[in-house]
Structures are given as C-alpha cells and as structure tokens.
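Each structure below is given as structure tokens.
Two complexes come next, and they have one chain in common, chain A, joined by chain B in the first and chain C in the second.
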Partner chain A sequence: MNELLNIVFSTDFAFSILRVATPILFAALGALISNKAGIVNIGLEGIMLVSALTGVVVSAQTGSAWVGLAGAVLAGLLIAAILGFFTLKFRTHIILGGVAVNMFASGGTVFILYLVSGDKGASTSLKSEVLPNVRLPLVEDIPVLGPILSGHHLLTYVALLSVVAMYYLLKRMPLGLRIRSVGENPHAAQSVGVRVNRVQFTALLLSGLFASLGGAYMSMGYLSLFSRDMTAGRGWIGIAAEAVGRSTTVGTFLSSLVFGAADALANALQILKIPSELVATTPYVTTVVGLTVYAIAETRLKKRKARRHSPSDS
Partner chain B sequence: MSESLLEMRGISKVYPNGVVANAGVNFSLREGEIHAVVGENGAGKSTLMKMMFGMEEPSEGEMLLRGEKVRFRSPQDAIDSGVGMVHQHFMLVPSFTVVENMILGMEPRKGLGINRAEAERVTRELSAKYNLHVDPNARVEDLSVGMKQKVEILKALLRGAQILILDEPTAVLTPQETEELFRELKLLKQAGHTIVFISHKLKEVKTLCDRITIMRAGRTEGVFETASVTEQEISRLMVGRDVVLKYDKEKKAKGKPVLAVRDLAYTNAAGKKTLDRVRFAVREGHILGIAGVEGNGQAELVKALTGHLPGATGTIDVAGSVVAGQGIKAVRGLGVAYIPEDRMRQGAAKEASIADNLISTRYAKKEWNRGPFLDRRRIAQMSKDMIERFKIRCKGPEQEIGMLSGGNMQKVIVARESSASPRLLIAEQPTRGVDVGAAQLIHQRLLELREQGCAIVLLSADLNEVLELSDSLIVLYNGGVAAYFDDPSGVSEEKLGLYMLGLEQQSEEEAGKAYDL
Partner chain C sequence: MKQKWVLVVLLLALTLTACSKAGSNGGEASSGSSPSAGNSASASNSGALKVVLLIPGTLGDKSFFDAANAGLTKVKQELGAETKVIEMGTDQTKWEPTFNDVAGQDWDVIISGGSQITELLNATAEQHPDKTFINYDTDIQETAANVHAYSYATNEVSFLTGAVAALTSTSGMPNANPDKLIGFVGGMDIPGINAFLVGYIEGAKYAVPDIKVAISYAGDFANPGKGKELSLLQYNSGADLIFNVAGGTGLGVFEAAKEKKRYAIGVDSDQAAMMTGTDADKASLIVTSAIKKIDEVILSAVTKVKDGSLEMGKLEVVGIKENGVGLAENSIYSNVVPEDIRAKVEEIKTKLTSGEIKVDNAMGMDTAQIDEIRNSVKP
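Moving on to the complex of A and B:
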C-alpha cells in the first residue's frame, strides 16, 4: 500500500496523468463541440482509430512525422465530412451514422494495416515517425511543477491550448454563438438567417479535427506504432467526460483529467499484486461512477429549476 | 394606390394536402399605420402573415412593396426588405443573454471575436430610442413573457424592420403588460414604423389600430377605418355563418347526469389563470356545445376532462367517479371517449394501420384476444365493418392511417371512439379541416350517439356546428363561463360573438345555470 501511495504522490504520476489524459481530452473536446451544435457524434472512437493508422502509414511513407500528422488530420476531417454529408444532407440518423463510422474504422484499419504491413496486429514492420516531445524553458526549472508540466508530447500541449481555444470559440466568437444557438433552438437560429445545416456541418468537422489529433497522439506519441483497436474506448470515455463535465469547456477539461487519472492509476496499480484484469477496469468503473454522479446532479438541478419556475403557492 | 406601402393582390394559398387557407385575399398597408388583421382561428390570418414574412410562398397572387413587385422566398428575404415579425412562440435562445439573442446571425466583430461592447451598445441604444427597456445582460430564460416580447421587437428593429408583424402579441400578456406594449407600439408608429397587429380581441383593436382588415374562411371580409366601425359590426363580419347546417333532432327528456364539473380552476406555469371557476353539467343523451375563441381555456378544460391536467382544482365527476388523478386507462374505463383536436399526433398513430388504430383503445379486452395473441381475424372483420359503415376511403384495414386524407383519418378516429358505446364523449374540433361529406357523417354519428343516451361535450370553433348540434351551449371567455344558453338554436351568431369576444358577460347566476343538476 505504501508503495502505491509513493507512486501516486510522485511528480511522475502527475506527469503521467497529463500524458494519459491527452487522447481523452481530445475526444471530449470533439464531443463537446458537436453536442453544442445539437448533434451527438458517437463516431469519435472510429475517427481516432482511422487517424491513428493514417498518421503511421503516411509518416512511414514520407519519412516525415509532420506530413503524417497532416494526413491523420485530413483523414479525420474526411470521415467527419462523410458523416455530416449523410446525416445532414440525407438525414441518416446520427447514431446510426456514428455506429457505421466505428464499425468501418474497426474493420477497415485492420484491413489497410494488413495491406500495408502484412500484419493484422500491429505496424511494427513500418518505420513510422513520432512527433517530438517539448521541453518548456523556464517552466522546467520550477520545482515540483516543472517536471509535471514540461517535457510532454507536442500534442499534449496542443490539447491544453485547444481547451483555451474552445473556451474562446464558444464564448467569444460568432461561430460559437451560432453553434450554441443551433444546438439549443434551431428555429430561433433559422429565423434570424443562421444556416442551421452549415453550422452543424462546421461543428462536426471541428469534432473530427479534435478526434483526429487524439488519434495521431495515440500512434505517434503515446505509442510509436499502430495496433488494432488501439484507441480502446478512449473516444467513448471522451463522450462520458463531456457529459460529466456538463457540456462546459472547463468541466469537460476537468473531468477528462479525472478520467486520465483513473487511467494512470490503473497503470500504477499494475505494480501491486492485484489481478491486472481488475486493474484494467478502473477507468471504466470511473466512467460508470462519473455518469451516475452526473445523472443525480442533473436530476437535482432540473428539480430546482422546475421549483423556481412554478408559481409558489405557499 | 400609390399610398400603399405594402400591397398583396389576389393572394391564394393552397397547401399540398388540399386545404385552402387563403382564397383571393387583398391586403394593403399604408405607411405609418397600425393595421389590425382580425378573424377567427382558421380564418387565414396566420397564413397571410407567413406569406408576408416569406415563411410560405403564395400559390397565386402578387405582392408589391412600395409599388414594386417583390417575392419573398425565405424570412431572410423579408428581413432584407425591412419586414420583421414577432412570432407568437418566441424565437429566442433561452440560455443566451438579451444581447446575444439580439446579435445572433449579425454579430459585430472585433478580430476573431464578437465585439461585445459594441453589441451591448447597440442594444442599449435601441432600447432607449424606442423606450423598450430590458436588461441587456439578463438571461432570456429568466425574463417574463412581456420582456421576451420586447426582446423580439428589438431584434426585428435591429434588423432594420420598417414593417413589423405582431402575431397575437397580447395572447400571452397580462393586462398591465398589454397596456405597456400599446404605449410602445404607438411610439414605434410615431417613429415612422408600420405595424400589422393580428388579434381577435376587439377592444384592443379599437383602442390601438387605425384600420382593420377582417378575414373569414380564407377571404377578406372588408377593410375599415377603425373609427367608422363598431365592435358589433366587426364581430358580425368575423363570426357570421355562411352555410346553415340543418339536422332534425328530437327534443329529449332530461336524462340522468353523466358529467358534473364544479369550480374547475387552473393556473398555468406562467402564472396565468387559464380556467376560472368553471361549472357545468351534462346529462344522458345531451350535447353540450362549448364555444369560444381559441385560447380561452378550451385546451385546459379538455385536458382536465380527460384526466391529465395535474394542478387543477375543483372536481370533475363522471357518473359519480372522480376523474382527477386517474390514469388514461381508468378514465376510459369510466366510459369516457375522446376525439382529440390534433388527429395527427394525439388521435392516431400515423404509421400504424387502420386496423391497429381502431383497436388501440381496447386491444387489452378479452374479446379481441385469443390466448396471449390478438385475434387478428376478428379485428380485421371489425375494421372492415367500420370502413364500410363510416365510408372510409382506403385500400383496406391494413393501410397506414397516415396515408389517408384528413377527413378519412378523422372518420377512423370517430369510428373508434364512438363504437365502444361511450357514456361520455368529448369531441374536440371533430370536423376541423375535413371535407363537407365527412363532416356530415361525423355530425350524424354524434347525433346517433345522443339517441343512444351518450352525453357529449362538443368543443368547436365552427359556430354552425355548435349551434346546430348542441342541446345547450356555454361560451368560454378568459377561462370562465361567460354565457349559458339552454336553447342554442334560438341564439344568433352575432349575440354569440359578443360573448366570445368578451364584449358582454352574463351574470354569475345566469351563467351558473350551466350547472344544472
């Protein structure tokens, strides 16, 4: 037990939280932006997977991690665009569209992987590139905080900056205002000339962008290869994190960190003599607990609102 | 007619389902006037306004703005031409602040972001200019209805509206808020704006408006200077009946009381009293007609009668059992049948077959089951009988009900509700939007039920229908019983109009005769 406490209260552990939380945060931001526009994008997991593979394949072909990243982002945007095309133009149900994306990604990535590398499990035979880690000058010299904050993968910093950008977008930018109006009262938006479909499509593309960055991180940072179904539910956990964060930018960020911490804890617990299968359930148990807490809080809030709006007879 | 700011000539609108909402309507608006459009529900006011605001396109006719032909394909076109509309159901985003709602879709920018200072400044400036005071930083969901309306007006003005259409703006307001709105509208008029004011409250129209266009059954009945026409004349033109229905029905002896409503009252979530000490009774073999302009408590009354208006006070007895707090199934178990106004959503399951819709209220009864399964053969037989008896035009019992015309769909619903030998039938607008043939068949069916001793509550906006079918009649106004007549056939529609529009009101004692036990 002591051993565990030593691990948990170390700067290494805090560092690992950020490292593990990065893909969850990307997925959660993707969920946030599409939900704000009133579309539930459950295809995040699939988009991440496709982007993870694309990053590896493109970087191996070109020898450049940057081109790989660009490929990963383009692949993510493409899938999101296809999803948007079917759901917004042809009115396919968004959930069915999302399921299709996920199933396509799960099978399709293995197929492509086999074509490219001759292996159905992992891309070990491909010489793929990895995006760099970044040391923050000055910050790294701060005691305690320095080792936690500095030396992360480039995309981890992109994720943190994305939180700020998301906040600014939703609160301060015309597009954010339109996205929120479309999600909350599309009729109102339409009546003042906001093109609902176009705004939703834009939100879906942004959602795909965030998911693709999460995917690229998985195969070009977190690990340095692609392996089948390597996202392992992070897209889903991202959706949960967005919900637990009550669809606010700050809330989504914080709950992503909590889920990241659960993940990191699962890694740390492996040192102890606890069955690894049990340990591996930690993030998922956290998800269930988190969603339960969220549901209870939500019901209470609704009740309070209802009470405030009903005429007081007493 | 060079003085017209906006003119609509020979406008007709036929909806794809064949409903003629407007037929050769002429409408002209002078610059700087407040122009009332009055008419009953279904008279075609809303359709006309929707065309003026580009939400619908006319099937025929032309529109001229300042003498030039215009065509609005979308509300955006109308907005660009200086036409603004305040909808009855507000088009606001509840979680946004007033400022955010104001600028949505036309945000002032500073760099990448919204220029919030500028947005707030224009909001304040506009609200000061037109004396429409709202807190720019308040959240819209926290505002009162009157405040929300101000935001809507400001929104339209910000978008450059010269012509402002207000769709029944006072329907949701308290008397104080209404007075305030009128002051504001007069101010807008002084500032050179032209206002179209849709209403069926004649007193308001008389105090506020310069001219009145009266609509009835999709046509214009006339345009008047407000000063030169009395409320009585307007009312006559609004509610006059064109075709007189005639049915032979025997006078009947008083049966036993079936429905007794005592002191029914209800205050809605917005704090408005929508039902106010309503008292009436209905006996066996008796049709009680309920007349009234829509929105005077009818919807709430029907909800209470069918047992789903929690929060209503007073009592409703059906044959001695209290309705309140019982589930729908239990209420139906008391022998209550219900023909709802909204046949598309409440009356029928659109994508289910005719047979399934017919059985939907009694599928659980033993006679329609064989063991754990539905007795399909019996159901099919019953459906065929119904289709024949009610002359339902369809391909067969298995056809989707949503594929039928409105009249035939309504016949299915009437067939279902009337065939279970109900003790009490609540018929809400049973013939709205159906063709004459179907209407006649439905009327005859109601009279048959009356013969069989069923008590019927008939709510209808069609005065012909209520006057001709009912044995007695009440008029609802502002949630209360404004008048009671025990012999409707002797009541003129002019007289009825006066009560419906709140120009007259019977004494409590007279109206109280509706509760006759």
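Moving on to the complex of A and C:
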C-alpha cells in the first residue's frame, strides 16, 4: 500500500497524467467543437492517424520538425474538409462519412507508409524529426508544481492553451455564438441570416485541426515514429471524454484528465503485486463510474427542470 | 450537372487505378521488398522442385512474413527451386479460395504458417494427398498426414535473453545501475507471450539467482504509446534492461530506452538492424533480439523434402539445438555486451543444446503456476 502511495503521489506520476492525457484532450476538443455545431465527427481517430503519418513523412523528407507539423495540420484540415464536403454539400450521413474516414485512415496510412518506406508496420526506416520539449522558466523552480508542469512536450502546452482558446471562442466570440446557435437550432439560426453550412464547415475544420495536433503529438514527440494504428483508440476515448464532460469546455478538459489519469494509474499499478487482469480493468471501471456520475447528474437536472415546469409548484 | 458527371468519372477512374495497383500488389508477389523471390524461376530449370509460399497477410512486417519470404529466397538460391510468393492479405475469407487454387496447380511443396491458418492448411492438405505441405509456425498439435508443422521453442531463446538481461543488470556496463532489477513488457497475458516470460525468468534466475523482474502487459499489440509508458515506469523503478514481446507496442519500449538511456532486447526479428540506419543511438541500446529463424527452418524443411527425409504428419518443436531459435548476434551484441557475459551466454547455449538445462514451457501451465513464477521474482 505504501508503495502504491509512493507511486501515485509522485511528481513523475502527475507529470505522466498530462503526457498521457494530451492526445485524448486534443481529440476531445475536436469532438467538442463539432458537436457544438450539431455535427458528430466520429472521424477523429482517422484524422489523428493520417496526421501522425504525415508529420513523420514530411519531417523525414524536409528534415524540419516544423514543416512536418505544418504538413500534419494541413493533412488533418484536408481530411476534415473532404468530410465536410461530402456531408454538408452532398448530404452524406455524417456517421457514414466518419466511418469512411476511419477505415480509409487505417488502411491508407499503411499503404502510403509502404509507398514511402517499403515497410508496412512502422516508419523505423525513415529518419523523422520530433518537436521539442519545453521547459518553462520561473515555473520550473516552483517546488512540487515545477517538475509536474515544466518540461512537457510543446504540443502539451498547445493543448492546454487550446482549452482556454476554446472557452473564449465559445463564450465570447461571434463565431462561437454562431456555432452554438447552429448546433442548437439550425432553422432558427438560418432564419436570422446565419449561413448554417458555412458555420458547420468551419467547426468541422477546427475539429480537424485539433485532431491533427493530437496525431502530430503521437508521432512527433510522444513517440518518434509512426506505426500502424498507433493512435489505438485515443480518438474514440476523446469522443467519450467530450460526452462525459457534458459538452462543456471545462467538463471536457477535466474528463480528459480523468481518462488520462486512469490510464496512467493502470500503467503504474502493474509494477505492484496486483493481478494484471484486475489492473487492466481500471480504464473501463473509470468509464463506468464516469457514466454513472453523468447519468445521476443528468437525472437530477431533468427532475429539477420538471419541477420548475410543473404547475403544482407554482 | 456537367461538372458532377466529370467528378463522377474522375472518381471512377481513381478507384480503378487504385484497385489495379492493389490487385497487382496482392496477386503478384512481393514486388517491393524482394523482387527475386517474386518472379517465377526461368523455364531453364523446368525439372526443379516447385515451391510456393502463401502469406496469410502482407509482406513488409519486418518479422514473421518477411522471414518466411527470406527463407523462400534461400530455397531458390541454394536449392535451385522454382518459387513463388503469394500475399493473401488480411481478409481471411480470401484465404480458402487461394489455398484451393494453389493446391490445384502443379506445385510440389506448399508452405504457409501461423496458428490462424493451421486448420485451413490441414483441411486443404487432406484434399490433396499428393502434395507436400509445410506449416512453418503453429502451436496446434493436429497435423494432416502430408503436413510437416513447426513450433518454436521460444522458452529456450528467452532463457538466453533472461541470462543476458540479468548479467547486464549486474555488470558494470555504462547504462546499468546497481539495482538487480530487469523488466519485461508483454503484449497480452496469453500463453504464447508467457512462454517467453517463463523462459526469461528462469534464464535470469539461472544467471543471477536473486534477480527481480518487473512485468507489465500492454493488453494491445499496436499501441506503442502504452508500451513507452509501461517501460518508463519500469526504468524509473530501477530496471536497466527490458525484454519486449509486444509487436508494435514494443516499439514504444525502444523509445523509452532511448529517453532513459537504458537497454532493451528485441523479439522475433533482429530489431536493432531495422533502425541502425536511421537512429543509431537507439539501435545501440538494443543489445540483442530473440529471433525465430523461420528462414533457416524453411530452407532445411525444403532441403529435407528434396532428399525425402522430411517426416510427414508431425509437429516438430525446433529450439536452440535445431537452430530454430537464437539470439541476434550482431555487431551491437559483440560491441556493447562485455566478453565475459557473452562467454557465459555461450556456455548456457551449449548446455541447452546438450539438454543439460531444461526450460519449462508455459504453454501447458495453468494460471496459478504462472502466477507463482511471476510472483517469485516480483520486486
């Protein structure tokens, strides 16, 4: 038990939560912005995978991590644009579009990897670049908090700043207002002159942007290579985190951290003399607990609303 | 309207070209990685043995399938046989028709491998009793009368890696620490992986009796991120070397090794060799790999078919003695690992060959027995 406390209350562990949560947070932000606009983008996993590969390939070709990042982002935007083109212009069902993106990404990345490197498993034969880790001056000198917050990968800080930006966008900016109005009632929005398709397309592009950053993080820092299906469901967990966070920016951020922490805890517990079968259930138990909390909160909210609207109360 | 039609035609054209490319890639042979094995041999040696290799998947995995392909190349070069490789892809529904087609053609020897393919291979063999079939990797005992199957003594080679790991941990090598702790990252808690683990633990204990082993399972063979996290934890808790048996997840182990400047051991193929060109720092930390010598096994099997000494209807377990498994003794191994350790490993290898050391096999064990072995070395 002592050993467990030592592991859980160490700065290493707290540091690893942020590290593990970063791709989940990016995906969750991508899910949040598209959901707010009323489109369910389930193609996040695929966009992440495509961006992860593009980052590796472009950085290996150009020798620059920054160009690689730009390539990854462009690839993510492109996939999101294609998805938007088919679903908004040609009215393909968004779920079908998302499924197509995911399937294309899983097979297509392997195909492109094979064309570029002659391998079908991993990009070990490409000399790709990684983005740097950043040490925060001043912050790193703070005891306890310093080693937790400083020294992360550049994109981890971008993820944290994205949360702030997302909050500001949705609450304060005209675009955020339009996105929310389109998501809540597209007909009403249209009646006051909002161009629904254009707003939804913008939201989808932003969603692609966040997912692509998550993908770039996976292959250009967290790891220094691409391997087939390397995102391993992080895009889906991001969608779950957004749902558990009840489609609010703060909620999404916190639930992403909880999912990250559950994963980090599951990893840490394996060191101890706890049966591995039990440890492996941690992320799923967390999901069930999260859903239970969500359900209870939702039911209470409904009851309160019902009471407010029922005539007997007045 | 006109624009739309143009778009549709363009899309169709794109689909067709994509299909034809994929088709030629799958139907023909390994055009990219080794053209020599792909093309059928010239008509000049028409009396030669005709050998076909059916890959249940695609080449380029830097592991099983590429090793089998390398074996076939050796068969062609050293035995002058006429060879062909067919990549059947990952869609299992296409395997059976391919098997039937190939069995109906005039091939003498049909080679395939993997536990997934075993049932199909046996069924096809029963329908074509005049052909010789070789299953180069399976765990299933049942074989048809005209099939020779191989299984690899992964526990024996893991015994060697365990010895290397434990001796490294207690050595004065630059990236080793005083803690007598080594690590193991497995893909899943399944018998195939635990066969490696039990051999690893026994080998480590044989070399250094009071060694401790940190054991983690990723629960996934394609999640290098998870592999890295698990390895970082093991390295942080004092392990100086990790043996990965986790497929794609294992690539994360090497990432962690590079970040923490500790050692690692690869699996299935020489995993240092695939990154020496691009990341020499990382490769130099992968001291060796536990390899299945699928290429050698295929070569020896076809050689035996040729002189008629291959015993059919039998599952043969190939170990250190039969040269079916072994350590990757590359330049990193000879440069990074000190001579006294290598001499000790050589000595253990001799004892394994002579049968003086017997390694337990996790394949037949129940969970309680494996748990007991695991707990005996937990830190």
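Just so we're on the same page, the second predicted complex is superposed on the first by the 296 of 314 C-alpha atoms of A that agree within 3 Å, B and C clash if a C-alpha of one lies under 4 Å from a C-alpha of the other, contacts with A are read in each partner's own complex, and residues count from 1 in each chain.
Note that a residue touches a chain if its C-beta (ideal position, glycine included) is under 8 Å from a C-beta of that chain, and two chains touch if they have at least 3 such contacts.
Given the structure is predicted, the values throughout are model-derived calculations rather than measurements.
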Is A:Val57 touching anything from chain B or chain C once the two structures are fitted on A? First, second, both or neither. neither
Touching A:Leu177, do we find chain B (first), chain C (second), both, or neither? first
Chain A residues touched by each partner, larger count belonging to chain B or chain C: C
Of the partners chain B and chain C, which touch A:Ala14 in the superposed model: first, second, both, neither? neither
Using the touch definition from the top, say if A:Thr124 reaches chain B (first), chain C (second), both or neither. second
Chain B versus chain C as contact partner of A:Leu154, first or second or both or neither: neither
Go through the superposed model and pick first if A:Ser191 touches only chain B, second if only chain C, both, or neither. first
Go through the superposed model and pick first if A:Tyr168 touches only chain B, second if only chain C, both, or neither. first
Looking at the complex, which residues from chain B come into contact with chain A? 75-76, 79, 87, 90-96, 100-101, 103-107, 109, 112-114, 116, 155, 159, 267, 269, 271
Which stretch or stretches of chain A touch chain B in the complex? 168, 172-174, 177-178, 180-181, 184-185, 187-194, 309-311
Complex interface listing, chain C residues touching chain A: 22, 32-33, 58-63, 189, 214-217, 219-220, 222-226, 228-230, 232-234, 236-237, 248, 251-252, 255, 274-275, 277-279, 371, 375, 378-379
Spell out the residues on chain A that touch chain C in their complex, using ranges where they run on. 12, 16, 19-20, 23, 111, 114, 118-122, 124-127, 218, 222-225, 227-230, 232, 234, 263-264, 267-268, 270-271, 273, 275-277, 280
